[in-house]
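What follows is a pair of complexes built around subunit A, which joins subunit B in one and subunit C in the other.
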Partner chain A sequence: MDTNRNPSVNNVFAIAGIVIKEMYRRKDFYVLLTLVVALTLVLGSVSFFNDQHIVRYVKDACLLMIWLSSLVIAITTTARQIPAERESRTIFPLLAKPVGRGEFVVGKFMGCWLSCGLCLLVFYLFFGLLSASREHTVPVLAYFQGMWLHWMCLGIVVALALLGSVLFTAPSSNATICFIVVLGILFAGGHLNGIAIQMRGWRGALVYAIYYALPHLEWYDVRELIIHNWGLIDWVAWVGATIYAGLYMAFLLACAWLVFRRRTVTL
Partner chain B sequence: MIRLLPVFLLVCCLTLATVLDPQFERWHNHEDTSAGVLVALMGDSRRLFAHEFFARADAYFHSGFYPTIFDSQKPGSESDLVEESHAKPARAKEHEEEASFLGAPKDWMDRFGRNFYPVVHTHLHDGNEREMLPWLKLSADMDPHEIATYLTASYWLRTSLGQPAEAEQFLREGLRANPDSYDILLELGRIYFYNRTNNFVARNIFVLARKNWRRQETAGKKPDAHSYEEILGEMVKTDRAQGDPKLELEDLEELRQVAPAKESLQEQIDEAKAKLAKPKPQGH
Partner chain C sequence: MNTVVEIHDLRVEYPSREMGQRSKLAVDGLNLKVKAGEVFGFLGPNGAGKTTTMNVLLGFVAATNGSASIFGVDVRQPIARQKIGYLPELTYYYKFLNTEELLRFYARIFHIPRAERDQRINAVLKLVELEGARKRLIKTYSKGMQQRVGLAQALINNPDLLILDEPTSGLDPLGRMKVREIIQRLKEEGKTVFFSSHELGEVETVCDRVAILHEGKLRVEGRVSDLLQQYQCNLEHVFLNIVGYKPQS
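Now for the complex of A and B:
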């Protein structure tokens, strides 16, 4: 049986389980969570003009820290997966049959993505408690939509970092490149069309092509809607964004598998 | 060799202490310690941060509906926050109804992406204006010489939020950093006139504001003519509230020289003259 073409769900979840266990044994998440909680509480304790009802700046700072922390967790965790397996030589018994390379890639992806989901759950739980303590209300559905979209974004980031880890040899260079690409897309990805219109000619067409080809991670950053209590996002758009993210994850994972499939695994 | 390391570190610490001690002494002797530390650490870059924080306050005022550096804005257009708080409050509603800076969607992706960020032009109201105050405070801490920050925060504190004491405290901080500012004095006078109804103190503050404005004009600094009109206008109001037609007439005459609406002012001057001509009722 060619396991590359027919990846077994059990194998995938076994590998994913190992990644999740590794995640909660490491201290990265706990350190980041402590930092987010401590900094948010310090910020929340500051009094401006003796007004105890000011809350949005605390939500803003907390969500920014959650986003940065989640990106750090997603990229650094994913970037080290395959190089660490190679370095510790555990990749050789793992890739022995019946675990195929496709299962290995998908298993690593699932492990990292689910780990990020668990981290997000804890982060957003804290955010919800903070918001409830200051605003005396929790828009559960709006926060769920925000967290879900955030998780979808991290799915694309994890798939991108996994592709990077089979392309680049060192995890540090992969992580750095991923950070630059992700932050670049978040900052300017949604504005490339405007830039392309101003450029015109073949350069404009090229920028427009990049605009269409890039995964639009900025769609998943709905912090402004959450901070300023804008209410629910249109559910059709929410489902559309989920499908879009799913397609990008599948594409990036397929690329990672295609590269990894033909690669000779050596020390 | 390794035993000498602690000695070497100790010498380094002592040397560093001798270098840093005078610096700290200088910071502590500075009239505002926190500002001194900020200036020492950040230099002029703090003004950039101040501008950024003020823009953040403006973004909060619009509940996140705010242009990025990629979005086009009308050339010469002033911040809504400044415009509404102390320049042209009457234009607020009209401005809210203006077309969005976003324009029509450029493509289907742009149209779809607009589901995920604020696309409606609104302004904070019903006391929610308080949400922008932290950014204004931070902006003032970063650049204490940016007068618009004090005026904006004070306007919202004394009007919608009903916190004139906090507004006064903030304005006095601004006045310490900018003792020649007629705009801060004008705003301070308004607190005494509208919130505290202390007409006597309010008029004295407006007189001081006028004095500062004139001093700047004499020095050739080209102070804002609109502010001068506002100072005189507020003085006229305090004169009326105090029931002093003589001072009212003097101030109206002065205002007529600079105000564009001379005809309506002439009517008010005539009324003041009529009041002066009336014999005062005899006291018992």
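Now for the complex of A and C:
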């Protein structure tokens, strides 16, 4: 037997490898990439009011499409993982091998998260090329920080969708709920404390509790910094955001494992 | 002979999905031992509790009461599955993989060293006669070929115990014959085979011992030859007799 690697780590990466293989053999990513590239190039070729800063609008639109595409890839890929394994019964020969339920959950998470990372790499490479062709400069570190935080945000989204996939049988209902929750947090998550101040009594306390309990995904959306070339994020804040995301991922994965650990695996 | 599978006072209840309904008792007080090197037939009509028992052995379902162990290890421990191979009934494998990739994945799960992986893959593909189709995507395979992929994955770790859930279900006579030949070959190699089947003629041919379950309870357990002598008929009639079948007219 192979003793080079910890058995759990080996199992996790074996399962993750299958998820990544599935991702690059499906058409989803290629369709979204083509859409993003085509729409960005069309937008870039149009001149609005002879505005010299048009490149910022193009960058803005491109980054928005990258964000939306990455969320679609992260949520739909993750939401179907466990239900598809059950439906095709591939879960039976897999769990009949020396694979723990925790390894299965973490393997699926790692596969989806790494796949999202690879997709982001391609998306941001295109964005970098676009930016370089128009602005004749590529702030590599700023783009790296932005992409990294984007990936951390997707880590939380993937963990959330994975928890949903062990709670809900239908991938479509899980995906819909995830989209609503994630978009809700992105748009309203940062304003909840403001709302809580205006409320009194237990209602205010409840909104505050939600504000502190929710993962603040909006912190990871640093598109404005990239679009306007506002420079680097403070590295301490960047590391803090990474740790914060890591803690939420661990918490959500632990919840998914607790639900899945004793679950009967039958049709 | 060493005991490979040991089931003690096993009870499995499934909670009802409907409000106010009582839970369903799938297995009731099952005691069973399978010895090393045996081909053991696990029989019973549909709903008798065969698949549930196998699901407990494989860790898919938790026992309500009682215990089960494989090679002396509690089935709740993933390591209990290190030396077993499992072929589920009618399984579809990852459609986006070819057989070689699939077997490589499972070999990795069993921590088979890289150097040995190719040898094992070649050996099992030769055994199930899929060498020529190893690079083809599994989604292009016929049902019989998919079942042979199932056998290949069950054998990838050179298991000491094989658990087969209706291995010939849905196969044509040639496919059944091939599966039977593989079971015979494994028996000759000294492997333990624990399998469920509705093909009683096949069971009579390949099994050393059988157990017959009905309504979650063990009705009969013994050597095939002893049962045939005791009831003075073939295994199909023994089975029908035990499950209480009475012909109409």
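What to note about this one:
Note that in this section the second predicted complex is superposed on the first by the 254 of 267 C-alpha atoms of A that agree within 3 Å, B and C clash if a C-alpha of one lies under 4 Å from a C-alpha of the other, contacts with A are read in each partner's own complex, and residues count from 1 in each chain.
In the analysis below, a residue touches a chain if its C-beta (ideal position, glycine included) is under 8 Å from a C-beta of that chain, and two chains touch if they have at least 3 such contacts.
What you see is a predicted model; the values in this text were computed from it and never measured.
In the superposed model, A:227 makes contact with subunit B only, not with subunit C.
Of the two partner chains placed by the overlay, only subunit B lies in contact with A:193; subunit C stays clear of it. Contacts of A:203 after superposition on the shared chain: neither subunit B nor subunit C is touched.
After overlaying the two complexes on the shared chain, residue contacts for A:218 are found with subunit B alone; subunit C is out of touch. When the shared chain is aligned, subunit C comes close enough to touch A:26, but subunit B does not. Of the two partner chains placed around the shared chain by superposition, subunit C is the only one that A:95 touches, whereas subunit B remains out of contact.
Per the touch definition, subunit A reaches subunit C in the complex via residues 1-3, 7, 10-11, 14, 17-18, 21-22, 25-26, 88-90, 92-100, 103, 262, 264-266. The part of subunit C that touches subunit A in the complex is made up of residues 14, 55, 58-62, 78-82, 84, 86-88, 90-97, 101, 105-106, 108-114, 150, 153-154, 157, 163. Remark: subunit A residues 46, 48-51, 53-57, 149, 188, 190-191, 193-195, 197, 211-212, 216, 218-222, 224-225, 227-228, 230, 233-234, 237-238, 240-241 touch subunit B in the complex.
The touching residues of subunit B, when paired with subunit A in their complex, are 60, 63-64, 68, 70-71, 106-107, 109-110, 112-113, 115-118, 127, 130-131, 133-135, 137, 153, 157, 161, 163, 166, 170.
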